[in-house]
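Okay, so subunit A shows up in both of these, paired with subunit B first and subunit C after.
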Partner chain A sequence: MADEHAQATAVRTAAHAIADRLAAEKDHLTDLDSAIGDADHGANMDRGFTAVCDRLADLESDDPAELVKTVGVALISEVGGASGPLYGGSIMKASQELEGGVTAETTVAFAETYLETLQARGKANLGDKTMVDAVTPAVHTYKKSVETDELSPLEALAKAVDAANRGLEFTTPLRAKKGRASYLGWRSVGHQDPGATSTLYILEELLAVAQDELGEMGDIERDATADVDPSDVQVREESETEAKDAVDTAATEDTDTEVQD
Partner chain B sequence: MVGIVVVSHSEEVARGIKVIAEEMSGADTVHAVGGTADGRIGTTPDTIVDALEAALSDNDAVVVTVDLGSAVMNAELAIEMAGVESAAVIADAPVLEGTVNAAVTATAPDATQESVLAAATDARDLSKL
Partner chain C sequence: MKKLINEPSSVVDEMLDGMVAAHPELARLEGTEVLVRADGPVEGKVGIVSGGGSGHEPTHGGFIGDGMLDGAAAGEVFTSPTADQLSEMIQACDAGEGVLCVVKNYEGDVMNFETAIEMAEMESDTTVEYVITNDDVAVEDSLYTSGRRGVAGTVFVHKVAGAMAHQGGDLEEVKRVAQKANEHAGTMGMALTSCVTPEKGEPTFDLSEDEIELGIGIHGEPGTQRTDVMGADEIADHLTEAVLDDLDLEDSTEIVTMVNGMGGTPLMELYVVNRRVTSHLEAAGFDIWDAWVGDYMTSLDMMGCSITVMAVDDELKELLAYPVETPGLTVTGNQSGGA
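The block that comes next holds the complex of A and B.
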């Protein structure tokens, strides 16, 4: 089925984009985690998504649900910190929602199951200074944008990324109530949460890949914080006609780096 | 018979707890698991699944004791992955004292999963001074 092949290709492309982004942000994530955690989040996520790419390369399948499940299983086995069961367990469970293919409806179901599983496993509430603070507004915004505002999945995802970014910023002034940071009490205030940060990076890469795969972005404002993975920029630079795109993307990345630092 | 699985971020800590608990109980009932597959500090569900299966090969039920954050989550996930939700239970207890209490109680002839779990949980109230 051609449609399924395209969806499978998009899943594989997204996994590589996320792996490249997390490799590039490894030190930044570790810096954030060394301030309030155990300084392993960058290395753990990088190791996890490297394993994801290896396992996807070994898997001959065009079933998007099976591919996404493989992403979750790889993260569960390879990450080693709390992010393994949180990211991996939630992705593995939510992958069941994609068994009928990737549509607006199944991606909303995926997002909702991801959030439910994350909260059940981590037992964190909104405002505890965890990845839940980025995931919750993103999932709620995506669901509302698709179901109530009847936006396209691409427009809805762009809004969800904005929502995750606002949720991430909201973690900085909070006192941590869950995870290793909670042992620091008031000293955790003033630091951005690493798990919420990696959540935003992953969503940004999903958006960038969705934009490339789904095409036609004329009617959507590009989010200033959303960027594209470096390998994608190189691919674009090889094309004369898309050279301007690459410059725009690089400029966006520079701005992003300044904001993040 | 009730088995015990102790899960720590460090394999050495898990093994050390097993040694202390078995010295107190005089019985070989504790399965120790810790660290990541490549020997780093952390936990991974895969090795916990192996320990659960080993413990359940000679016991009807298992009580799992855990140290910090991800050990709890990975133990929960491992129980689901192994499909042993009805046979394994996690104790909300300090990992060393809970494991010692559980190991001692598990040697009683009438020990049940409930009695071993209760003994582990009682370790929360142990006063040291």
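The block that comes next holds the complex of A and C.
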């Protein structure tokens, strides 16, 4: 396994990079949220990641799982509203997947648990115009890139960020079905989802830090003992296709119905 | 708007300090907005906890005591407590027999409690169950919920679960009776005036002098219907009918009723309403076993009331009559939880 200290440093650096990015995008996120929510997403995420950096500074640990868990707990206690339990709770739960160390396989497990927890907590499906719309394609792409295409985690993460970006773009024409924006009904159409937007910013910063800190093909290694079941991969590919179809369909349906209105 | 408030941002903190000063049997978990029993956790007993936004007093902290809640978390006004504080509360109220969380059905409350339960289970070997209350018959989906809202009927759930836990019921039994109470209860509310939140300092919605709002929630969210003002009897009939339509009870069912004040209603008016609710239900052929009247689940200073009807069997009657002494509710052994 790669040097734990290097991984811990990467987690800390990533937290700071995300905090800086969210501080810079605070007003933009608030504007997006003003249009379809309650105008506090920018301030909440900024406050949350400031607290993340403070808590990480107080924590003397080189254990990546513990550091990531601390990120989750800080967001739970500082962000509030729905984004606190959604972001923080999902990160906290998924951090358990890293307890055996950070490898290509455990990062895939982290991503999958993050998505599962997010969906269980928010009861949102793909196409509901929530952060799930950015996270789902990112997680499926990351998993497929690592397991089927045998790309390095760094290359896989780059593809996942692209996928999240496409997912985010899909949210604009959608009608919100979950969260505060759903109360606007059709009036939510035409606005980009704030939660999916902050999700993309976080993923972009993770990628940038991973590229800087972990280098080409990286310090994240494959766990040679973990066998990938080819049939499992097949199933996942199908579900990824279904996921994309679902977003397409949702987008089409909503646009059509809007015209009928 | 004139208020007995220093700073809007400190109102919850100062209220909790004031509650502890008045009721030394309550204690505040350090660094949190959580109240617990000063003598807790109680050995050999399932812990019962609740929580939610502030502004509903005496819910939730006012129902902490022997035979009812072991802990209650206070969020900001009308805002869910955060999951880390809920998790601390759960762990502080676990004496080894597990903890039941009673959660009103609001998206923020449910998400934060679910996250808190995961946190508590990661950080300790606590066993946690939860029950979501949704007794409001006014709406299916609302501004803050998918599904029905949890409102005044939640107090019956607290009472029943607390009594079962006090008698030594295990976590499964306690959860069962809590769910049973919730399933048998229906509530419908109305407002004469809007509430005023400390941060905003002015009414959340506008109601003119000759209008009332029916089907309101407990956070100043809109009701289902705005009508011309009616007399007390007419309002009581309307609310009672709405609850009966939903519960669909058989004739001569035994019931317990609650006429709950929304915070700004004189007790005199609540009794006027209760008079009509009682005669209405008796005329409809129901057997009123007990009638609660008072402020149990308020919405800050809103004027108005809600009416709750719960069908009771021998088990629920015994649990409701079980003695309890809390700041917000005292039952001495016979019936009557009324104020």
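As a working rule, the second predicted complex is superposed on the first by the 213 of 261 C-alpha atoms of A that agree within 3 Å, B and C clash if a C-alpha of one lies under 4 Å from a C-alpha of the other, contacts with A are read in each partner's own complex, and residues count from 1 in each chain.
Basically, a residue touches a chain if its C-beta (ideal position, glycine included) is under 8 Å from a C-beta of that chain, and two chains touch if they have at least 3 such contacts.
What you are looking at is a predicted structure, and each value in this text was computed from that prediction instead of being measured.
Engineer: Could you check whether subunit B and subunit C clash or fit when both are placed on subunit A?
Structural biologist: By the criteria stated at the top, subunit C and subunit B clash after superposition.
Engineer: Have a look at where A:G122 lands relative to subunit B and subunit C in the superposition and call it first, second, both or neither.
Structural biologist: both
Engineer: Is subunit A touched at more residues by subunit B or by subunit C?
Structural biologist: Looking at subunit A, the partner in contact with more of its residues is C.
Engineer: Return first, second, both or neither, reflecting whether A:Q96 touches subunit B, subunit C, both chains, or no partner chain.
Structural biologist: Once the two structures are laid over each other on A, A:Q96 reaches subunit C alone.
Engineer: For A:L206, is the partner it touches subunit B (first), subunit C (second), both, or none of the two (neither)?
Structural biologist: neither
Engineer: Scan A:S77 for contacts with subunit B and subunit C and give back first, second, both or neither.
Structural biologist: In the superposition, A:S77 contacts both subunit B and subunit C.
Engineer: Of the stretches 204-212, 222-230, 276-284 or 294-302, which one of subunit C hits subunit B?
Structural biologist: That would be 294-302, the only stretch with clashing C-alpha atoms.
Engineer: Which subunit A residues lie in the overlap of the subunit B contact set and the subunit C contact set?
Structural biologist: The answer is residues 76-78, 80-82, 84-86, 89, 121-122 of subunit A.
Engineer: Taking the complex as given, what residues does subunit B use to touch subunit A?
Structural biologist: Checking each residue of subunit B against subunit A gives 36-37, 40, 42-46, 68-70, 73-74, 76-77.
Engineer: Can you tell me which positions in subunit A touch subunit B when the two form their complex?
Structural biologist: 40, 44, 76-78, 80-82, 84-86, 89, 121-122, 179-180
Engineer: Sort out for me which residues of subunit C touch subunit A in the complex.
Structural biologist: 79-80, 82-85, 107-108, 111-112, 114-115, 118-119, 122, 143, 146
Engineer: Hey, which residues of subunit A end up touching subunit C in the complex?
Structural biologist: Touching subunit C: residues 73, 76-78, 80-82, 84-86, 88-89, 92-93, 96, 120-123, 183 of subunit A.
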